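Scrolling down, you'll hit the structures one after another.
Shared between the two complexes below is subunit A, which pairs with subunit B and subunit C, respectively.
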Partner chain A sequence: MFMQAFLDIFDIYLLEAVINGILLGGVLALLALGLNLIFGVIDVTWICYAELVMIGMYGMYFMVQYFGINYFIAAPLTILLVAMLGAALHYLVIAPLLNAPPINQLLATGGVLFVLQSFATVAFGIDFRNLGIRLPVLAFGDMNFSYARLLSFLAALVGMVAVYLFMTRTFTGTAIRAISQDRQIMALMGVDTKRIYLITSAIGGGLAGLAACLLVLQYDVHPFVGLSFGPITFLICVLGGLGNFIGGFIAAFVFAEIISLGGLFSDLEWGYVLAFAFFIVMMFIRPAGLLSRRR
Partner chain B sequence: MLELRGVNAGYGTFQALFDVALDVKAGEAVGVIGPNGAGKTTLMRVISGLIRPSRGAIKMEGIDVVATPAHKIVSLGIAHVPENRRLFPQLTVDDNLKMGAFMKEARDHYAERLEVVFDLFPRLKERRHQMAGTMSGGEQQMCAIGRALMSNPKLLLLDEPSAGLAPVVVQQVFELVKRIRASGLTVLIVEQNVQQVLKVVDRAYLIEAGTIRASGTSAEMLASDTVKEAYLGV
Partner chain C sequence: MMGQGMIGQGRLAAWGIGLAALVALPFVYRDPYHLHILVLILIWSFAYTSWSMMGRFGLVSLGHGGFMGIGAYVTALLWNHLGVSPWIGIPVSMVAAGALALIVGYPCFRFRITGHYFVLVTLALSGIVLQVITATRDYTGGSLGYTPNRASGNKLLALQFDDKTTWYLIALGVWLFGIVVWHWVDRSMARYALEAISEDEDAAAAAGVDVTAEKLKITLLSALMTALAGAIYCQYQMFITPDTVSGIAVSLQMVFAAIVGGLFVSLGPTFGAVITILLAETLRIGFGTKAVGWDNLVYGVLLVLFIIFLPKGILGSVLDRLKPQRKVPRAHEQEAVPVARPGA
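Moving on, here comes the complex of A and B:
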């Protein structure tokens, strides 16, 4: 009875939108964490980050639909696959350009974006594909929540906690945090920076892989699907302050709420328009990110 | 223990060291003195592998340091406390010390080493959860030395440990160096504070414009006219 009274205070749809925003924020925060990790540690921006997610989604699609592998077995395989892809991206593209001007690194990863898109178009065609798994909708009072979103949110949270524990509890994780503060003296600690970069890239890839496993439950996969969440991930990272993990985490939920609530008052597309407009305004007010100190 | 022969080193086209020969025997404390820009820091860096020599040989207990990858040199038993401490300012004291024990051999003895370092610097134990960058200069120097000791080195390289510290703290740092010496560690120390450092070390080298100009026991150096005139202001 108490619950009902509590719910009556709010407009049910508003509350539903708020909760959906939080659920969406989880996956966005996961993507932002991966991108921030790469930026913060290696000091390069993977423009093609969302395209790694796209490849992961195709991986899931083929494993589940084509080879009939169970979702929960396919998911770790996909995470591993995209982690290896991330390491390969670092080894083949970033490592040779580590001392190049940032614009060259940006252009190179931009090139990888088009390569991956074109590869997907040629190899898989432009059809929209989906897993064909339809998860039930959860009714809670008068509100409906997609089970897929709930699962995604929880899995994203678990993924982020796992990364947090790795970064704070292990020697390698501590080295990953240290390297972004002073890379020159890492050799004095006995740390091989090249190896740490490779591990970081694999973790960044792994997070993209996890995001792929979750997004494929909700969205169809096609070669340009990266465009649906690539730009928004960048805005989140920039709004949170590039390389700032906590800022990115908060910004992900801010954006998700704007999209979700904006979508409540009109179409979902308007939610995105609002989010981008909000970003532009924030860039004037806080160009260095949400959590930056005022100078 | 450590042996440098005919070492040339520099940055790009700028040469900072010319034909440097230097020895440190096990159990010794050796000082390197000289003016600003004489190549003292370069000397330390070339030993720990932060820069590589363009010519010459460096041996640690007979092992070729020049042929060892930079990140493996610490495993030879060389720990370097760099100029300006170079702590990770936004990591806690604990995490900074953890980084000092990163290499495999040290990682296996992490807990023991941590106890040794906390025994030597009880202050660090009190501050273990504090961000290293928020501590005082003296505490940061303790943390930097502690971090180097985490790898259980045989040879400790100290680059200007007294730089930028208040006079009282400088005194404490030199006391510390004495204690570290007493624990049986071999020390090579670079200092501008000539008077102080000659009280702590057994021998010293005078380096000027990248060349070793003089060397001798502390007493000899204190008595030497060159050192007296230029560095002791007598």
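Moving on, here comes the complex of A and C:
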């Protein structure tokens, strides 16, 4: 009865798109959280973040499809793999550049983007691969939602809550938050900044790994798959304010809605264009929201 | 980098002789493959020089792949669908790229989006242009690429030449134009304003520099030139794909070449183009058809190594070694770019 009245008011497709947008927002928020964490603590932007996700997706693909490992066993392994990749990225590329101009750090991760993309091209070829797991579709009223998206949304939420608990309830988490507030003093207080940076990079990588496990359920893997959600993640982080977790979280859902609703009227790519146009307009309207963390 | 009085007779003579040799080259030496490589080097040098016009002032843009893509695709689309000659299409495409640069640049500069923020916004820009080209696949052929129609009539009107020598001379002219513009900016007041901005925006503004206007001007100039490079590339190759003329990879390629060559000297980006293109060609020939991806793998590793060990680029470092007395006034270049939010 209530359902019917509700559906009379809202167009069914619109509602479906809105809810799908929220589900998409979960994964985007997860990516934004990882990028924000790295930026907030180490003051570095990983341009290659989406490419870490891509490597993770390949990890999932090979473990599940090639070695026949159960999805739920492969997922933690993938998270671990990408976390190690994140730590290695920090150790090999960022650490030698910590005192270099920030733009050089950023460009170095751009070089890593090249390396990861071309590594994937060389190692796995440019074919689109998919996991071959088809999750059932959930029918609710006249609307259809894929379990993959629902699962992704929930797992993303769990991941974010876990990071939140880690940051607020553990000693290491507290040290990480302290370092993001004052880089110089914490070293004098006896915090081993090198170790904290490494841990943060591993967590950032782990979040990318989790996102990879979720995205691989919905999208085919290919070496350039990072390009389809990398740019949008950067826009989310800038709109929310780099290093601002809450801002990134909100911006992720706003962008996801735009992409989802935009995709309702035409292709998904146009949803991205719409999101970019929205971003430009927002810069005019609310520049302060963008710069909330600047001095 | 030369002060006004520092250009000596010898330097001008060296430029003159070098240019004469470059112009004479295709008439003496006619190997088509080598000429092809030279044309590519000249066109990309022009693109990299266009990027470095902004980059040298700390405005690190990763959106230039977008401008180049617009230059190439708008020119080709106008020719194929509306029959507009590239002589009109190229200016139109440049205006389109310039307009986009202003639309994105104005809020960025007006609201002080610098450092990481600026890089990420421009990065997204080139990603979006790639998406649009792919999305409009009914017109642009999507990721399969696009070929301008062969001209049936006047070759000059269609800006299509079969002769490598003609293209070599055109590319040489365009490249030289880029170098001249670089020197023109280098000697203008804008250079001092922009250097002041790159060191401290507030101080520059207090000293009477219109920060937003100065940044917009150089961005517009850079975007226009990059679009021209894209259009010329399209006319020469007669085949473009979103991945070769637009997107994040092309943007990064520009930054890489400019950094390898040296950002702060006029021939730095050219030097970078020579190195990167020769490297890519060598790898391509060396690995044969299995090379897909290998050249970019080496690119990426080298980029990382260069940024860690040689942030001023090869040519820049060599010139520094030769002229140690100029170290002092150029000290700011050690820290190429101010951060949006320094650690302290």
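Just so we're on the same page, the second predicted complex is superposed on the first by the 285 of 295 C-alpha atoms of A that agree within 3 Å, B and C clash if a C-alpha of one lies under 4 Å from a C-alpha of the other, contacts with A are read in each partner's own complex, and residues count from 1 in each chain.
Assume contacts are C-beta pairs under 8 Å (C-beta built on N, C-alpha and C of every residue); 3 or more make two chains touch, one makes a residue touch a chain.
What you see is a predicted model, and the numbers here were worked out from it, not measured in a lab.
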{"item": "Subunit B versus subunit C as contact partner of A:97, first or second or both or neither", "value": "second"}
{"item": "Subunit B versus subunit C, judged by how many residues of subunit A each one touches", "value": "C"}
{"item": "First, second, both or neither for A:47, with subunit B first and subunit C second", "value": "second"}
{"item": "First (subunit B), second (subunit C), both or neither touched by A:184", "value": "both"}
{"item": "First, second, both or neither for A:111, with subunit B first and subunit C second", "value": "second"}
{"item": "Subunit B versus subunit C as contact partner of A:234, first or second or both or neither", "value": "second"}
{"item": "First (subunit B), second (subunit C), both or neither touched by A:269", "value": "second"}
{"item": "Doubly contacted subunit A residues - partners subunit C and subunit B", "value": "184"}
{"item": "Footprint of subunit A on subunit C - complex, ascending", "value": "58, 60, 62, 103-104, 107-108, 110-113, 115-117, 119-121, 123-125, 127-128, 130-132, 134-135, 247-249, 252, 255-256, 259, 292-297, 299-304, 307-308, 311, 335-337, 339-341, 343-344"}
{"item": "Subunit A partner contacts - residues on subunit B that touch it in the complex", "value": "48-50, 69-75, 79-80, 82, 86, 88-91, 95, 98-103, 106-107, 147, 151"}
{"item": "Footprint of subunit B on subunit A - complex, ascending", "value": "171, 174-175, 177-178, 181-182, 184-193"}
{"item": "Residues of subunit A that touch subunit C when the two form their complex", "value": "39, 43, 45, 47, 93, 96-97, 100-104, 106-108, 110-122, 126, 183-184, 223, 227-228, 230-232, 234-235, 237-238, 242, 267, 269-270, 272-273, 276, 279-280, 283-284, 287, 290-291, 293-295"}
